[in-house]
Amino acid sequence: MTAQTTTASGAAFAGVLQRQGAAVVLVLGIAAAWFAFPHFGSADNLRNLVLQGSFLAVIALGMTFVIISGGIDLSVGSNYALGGVLAAYGAQYGLVVAILLPLAVCSLIGFVNGLLIARTGMAPFIVTLASLLFARGLLLALTAEGATTYKVDPGSAFLWLGQGTIFGIGVPVYLTLVLFALGGLLLRRTRFGQSVFAIGGAEQSAVLMGLPVARTKISLYTLSGALAGVAGILTAAYLQSGVTVIGVGTELDAISVVVIGGTLLTGGAGTIIGTLVGVLLRTLIQNVINQIGTLDSNYQTVVSGAFLLVVVVIQRLLARSRTR
Amino acid sequence: REETPAAPSNGGGPAASAQSAAPSADGCTLEKTGYPKVDLKTAVVGFSQSEKEANPFRITETQSIRDEAAKLGIASDKLLVTNAQSDLNRQISDIKSMLDRGAQLLVVAPLNSDGLQPALDAAKAKKVPVVTIDRKVTSQPCTDYLTFIGSNFVEQGQRAAQAMAKATGGTGKVAILLGSSGNNVTTDRTKGFKDELAKTPGLTVVAEQTGEFDRSKGQSVMEQLIQSHPDITAVYAENDEMGVGAVNALKTAGKSPGKDVKIVSIDGTRNAVQLIVDGSYNAVIESNPRFGPLAFQTLQKFENGEPIPASIVISDDQYDESNAAQKVGNSYK
Amino acid sequence: MTATTEVLTAPVLEVAGVTKRFPGTLALDDVSFTLAPGEVHALVGENGAGKSTLIKVLTGVYQPDEGELRHLGEPVTFKRPIDAQRAGISTIYQEVNLVPLMSIAGNVFLGREPRTKAGLVDWGRMYADARELLKGYGIDDDVKRPLHTLGVGAQQMVALARAVSTDAKVVIMDEPTSSLEPREVETLFEVLNRLHSEGIAIVYVSHRMDELYRVCDSVTVLRDGRVVHSGPLKPLPRIELVSLMLGREIRQIREEGVTAFGEEHDVEREPLLKAENLAGMRKLHDVSVSIRPGEVVGLAGLLGSGRSETARAIVGAFPLDGGSVLLAGKPLKRGRIKAAMRAGIALLAEDRKTDGIIPNLSVRENIVLAALPSLSPFGLVSKAKQDRIVKIFMERLRIKAASPEQKVSELSGGNQQKVLLARWLATGPKILLLDEPTRGIDVGAKAEVQALIDELAQEGLGVLLISSELEELIDGSDRVVVLRDGSVAGELTGDRITEENVLTAIAAESTGGDNDVHRHP
Amino acid sequence: MSTATLERAKVTAWLQNYGVYLAVVVLLLFNVAFTENFLSAANFRTQLVQAAPVCIVALGMALVIGTEGIDLSVGSVMAIAAALIPLYLGAGPLTAIVVAVIAGVVSGLFSGYLVAYLGIQPIIATLALLVGGRGLALVIAHGQLVQLHNHDFLQLGTGDVLGVPIMVIVAGVLAVLAGLVVQRTTFGRHLVAIGGNRPASTLAGLPVKRVLVSVYVISGALAAIAGVLATSRLGASDPSDVGLLMELSAITAVVVGGTPLTGGRVRVLGTVFGALLMQLVQATLIKHNLPDSTAQMVQAAIIVVAVYVARERSSR
């Protein structure tokens, strides 16, 4: 009996490691950085770290839902940039427009993604690749081929969303946490969330079990679009302007943090909290690279690539040892 | 993709540190800002680079900062260097992180003219002067940042148009190879060029397509344009790389660049200037990336209490048939 | 079950003159079918007769090309499965259709999770309800575990529990027993009884005659997409039913017992394959099996006793911690499926959907897949050689397909099974491991497959037969090895192979907790 | 009525199979009618030469996608190949090319190993190389573009044989080879089987891991070849820009060409035409001098329409 319990707890431990592999790496990484770099643990640095991560986190939240459903959304980067431009543009007409305009447009793009994917059976990869182009094209059209940058009036209340702080910590961080909490609730505690898992796990079965597959997919991509829009709004408020050059390649960042967080790209399994950990890990790595300071910028990308690989390989090996 | 098409841009001035600081009566002084005085020799200096050092401009720029710091005797652990890998949020975070690590003076090569406000605010809060190089930010000089050192992109475009008028003799059909969309450098160089070109009625723009500051894209686009507009007699490329790409395309199509089709571009890289010498190129408006000496000089003056003008615009050099052979050594690679 | 009393109410479900075409196939041809309230209605026919297609028309998966669907007398169109479910029609499809990565409880309540007042999913209640519900189906595993950790049979029970617990007025079951154990079948019948007494109408598809006569009131026979008979079942002699299904004269159908196995084989030689002390992954503890050339060895056991794992372990598809497999005295390298295959061992896996067919590929390509290297000199595919093989096996196994180029996923379940059997026979194996080879195969074809097994054994092949149908196992095997909880619990030879003996060996000492093997700590 | 639905099914099936070819023809006709100076040998030559690298990469991508995988690393592999060329050009063009292709093979081995033996999902395994690979190329090249002067090497990109550009010949030969591999070899049939159902293929005794690794190796090698050709055409090794976003172009070509991302099917000719279609679209947009914004939106629309027509019901 005792022998059994030990193996049982051993297996459970391996299970925790696998599911929380990224979290373990994160904790170890933070600890190491804390000791190695004198400035790492400073309040300013930590504040900076979480604030920087919050924009990507919001995008990755939507991506998590999409990936759990077995899909992928490549349009988030462009959509994010578009959201930022629209928010800055809308800020001329007041706070409400600054928030609702980008939300509406980005959600609409997500909605169309979802519609095409759910109703025509086209592959998400290619549909969202097309809307990546579309959203970027729209952004350029709105800004005279990128020549116009809309500025937010420095006195605008809108700026608080990006630049305000509560207890010294940036407003975007709080908003991100709130969104993640809601996201967790949505994924774990609603029928919608259960449908998402079911669609990702076995779409055909989900159809036969009478789940509203098409509707769920459409909602998912709309959600992802909307969250990219939210990230755009926060960024516009943070940067005080609708910067046209952001968001290039952000979709790949979002996908990698979601995967680092332990969500299966094949769908059917994943966690919101894992994504948060993934975002923090990525930010941590960038911060550490800065702290080291001597790394040639070309080496930095080699290191990021290698790091991504190491985390994924470790996770994979842990997962294997668990099923053994 | 984190490799945004490199935008070897701007900045400028003839080689080394020659400058023509626009003199200004009441510049920004240490007193005015109320910043503490620091000694450049012992201070912690931060340099935030915007993009990977993967093109001549960025390589030379970063190297120039490092070299000058070494020359001034700044210890290597006192010079903090970060690279934002073309990610604006990351550049803000980089700057904040350097401030956090005790940077007392900052040199920033902004990724974009807009959007660095949070980083500048952080520097202001810590009373750290910021010199922006190569690209101007749209914030308030002296309050948000100390000064901008670099060239005027609009003016570069204008001068390219003048060079074009000279090379073509004032008549011709012009194709423009634009830089990356959404980039301020592209916007300014296009605006300057077109406005100035309007003064020469004989020159008309027949096509403008983006070559994304990239040689191979420039080449591909040019190949297409040669087919659809065989009457093109001049090409304005918004950086040298695209210009060189256009030369390749023209050669492959059996035309002789520099003669049948005139080529003018901006940057001043060795490859382009050498092509002028070889006779396949017509003019290059220079953008000099060697900001190191000037940046540190400016900071030194500021700490000395001297007034610093809001922007230090460098009079760009220019290469054409008349001087390329002598000056090719000034170009950078 | 007693025949329903004449009720004057409208039929719960009715199709009139339904036609359904697929490219190259007329799957349903002017089919009419009526389901009276409270009756258990058998739907029978050969493989590919159109049973599953009819069911999918009833449940909104397919739209009929012609004809009408009526629910309680009212014409309806079910655009999607959910429409049918809303109308109180609940279905268990032929292939298990659940979400493997999701918890057992999650699967049972998917789409109708119990909610708290705040509208959030109430996990506590859901787990409790699921536990309670599943007890009635013989599943007392931890309902929080992912579904895929259950065996196929148990998954089928979960699907059943799900279907029945939806307050359905009609329950449709497409071959529910094909992956069930005798004991589970009993559980299923208990459930059926209960539903019946509650006045719920049931459509029941099965190829097992005994079951049909046990549970069904009426029958509709489909042949080649057409209804050839419809009426009460009990008055219809079994032989006549078979004759209706196959479309052959009664005379032609020899009624020689339920299976087509012949006499015992010559089994005196040395074992060709010896698997010794196999152990691994808490599923197998100590299993030793040997197979002689020309011998059919039956593997008996309860669900989860490790039969499939034993077969998989022999070919190297199941990770082992201990034990060895010897072929003709030479040890096989562990975990190398290809090596085992090259040595002449073939495994027909249990789950044809996930482990068998390559859905995108044609029937031809599926058949030649495993034999491809031997048919392809220098790695270049020879179509002529393929065609010969394909022709032989399509004829021999009577595979019903529009052409060899038809996608295998478009075949009926039973025909897919035959394609897989053909795949393995085409490799010319010395040892054939058959995990539920006749699952989902119709009576006619089943007899053929059984005769084939017999014939192969005569030719000197060693066969390991795993079957949930005891009759098949008992009639077909020269020797039966009984597994319990991943260990050999007994071995029966010759006359000792009787249903009673096998059941005794299976059940001995399994006083409760025999599902423990399912449980991962 | 039902005959009508059958007719429609036939039309759909026809479009599914021949949609790309039709689209290419339509676009050609459009250009002949509305684009100045379109009908000239030089113009067709330009289009074919420009399409060649994408086409070559897309062939490898199609094989990878056939196994239900994806290879995001192709652009970076091109960059690595480009970075290596100037280092070995001194030893002759052949050596340089061989070294570059070996680098592609090694990258492929690396991704293939991660996918086949460690079971890491293709998109993420190759994403790591996409991120790190270009960095590596830049490290090799010290971030510098290097002008090349070796005449023989430059011939690859600019020369021709019997009036056909060498690049086009290479792409054509590779396409024919790819077609033969897929249709006529056991390797090709194994590949689609693995993409169709991997566990079943494993149980059928197919050399699953070996096939997977080989597929990534082929993709890597083809990407390297494309990198060599692009470098030669440019007359310079430009690791920072060569092959940028190539993964997306190649995937688009493959999918537009009718190969589903769900694996189990490879359409080689479709892929070639997919690459041609995207090339023609771009050419048309440039020749009509549309601004970047419009060009991107039009491309998006064309991709959606082309894939809609060629789609098979699939979930991803």
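Here the chain labels run A, B, C and D in written order, and each chain numbers its own residues starting at 1.
Please note the rule applied: a residue touches a chain if its C-beta (ideal position, glycine included) is under 8 Å from a C-beta of that chain, and two chains touch if they have at least 3 such contacts.
Chains and their UniProt names: A, D = ATPase; C = Sugar ABC transporter ATP-binding protein.
All values reported here derive from a predicted model rather than from experimental measurement.
Participant: Counting C-beta pairs in contact, which chain pair has more, C-D or A-D?
Facilitator: Most contacts of the two pairs: A-D.
Participant: Starting from the mean Cα coordinates of chain A (ATPase) and chain C, work out the distance between those two points in Å.
Facilitator: Here chain A (ATPase) and chain C have centroids separated by 43 Å.
Participant: Let me have the rounded angstrom distance from the C-alpha centre of chain A (ATPase) over to the C-alpha centre of chain D (ATPase), please.
Facilitator: That gives a centre separation of 29 Å.
Participant: Just curious, how far off is chain C from chain B if you go by their C-alpha centres, in Å?
Facilitator: Using C-alpha averages as centres, the distance is 72 Å.
Participant: Listing for chain B: what residues touch at least two other chains?
Facilitator: Residue numbers touching two or more other chains: 1-2, 52-54, 181.
Participant: So which bits of chain A (ATPase) are touching at least two other chains?
Facilitator: 139-140, 145, 252, 296, 298, 300-301, in rising order.
Participant: Between which chains does touch occur?
Facilitator: Contact pairs between chains: A-B, A-C, A-D, B-D, C-D.
Participant: Going by the contact rule at the top, pick out the chain B residues touching chain A (ATPase) in the complex.
Facilitator: Result: residues 1-2, 4, 49, 51-54, 80-83, 85-90, 92-94, 96-102, 111-118, 121, 138, 180-184, 186-187, 190-191 of chain B touch chain A (ATPase).
Participant: Can you list the chain A (ATPase) residues touching chain C in their complex?
Facilitator: Against chain C, chain A (ATPase) makes touches at 4-5, 7-8, 11-12, 185, 188-191, 193-195, 197-198, 200-202, 204-212, 268-269, 324.
Participant: Which of the residues in chain A (ATPase) come into contact with chain D (ATPase) in the complex?
Facilitator: Going by the criterion above, the answer is residues 70-72, 116, 120-127, 129-134, 136-141, 145, 203, 252, 255-256, 259, 264-266, 296, 298-306, 308-309, 312-313, 316-317, 320.
Participant: Any idea which chain B residues touch chain D (ATPase) in the complex?
Facilitator: It is residues 1-3, 5-6, 52-56, 58-59, 178, 181, 206-210, 214-217, 219-221, 223-230, 241, 244-245, 248, 252-253, 271, 333 of chain B that touch chain D (ATPase).
Participant: Any idea which chain D (ATPase) residues touch chain B in the complex?
Facilitator: These residues of chain D (ATPase) touch chain B: 35-38, 40, 42-43, 46, 49-50, 130-131, 134, 138, 142-145, 147, 158, 230, 233-236, 238-242, 244-245, 283, 286-287, 289, 292-293.
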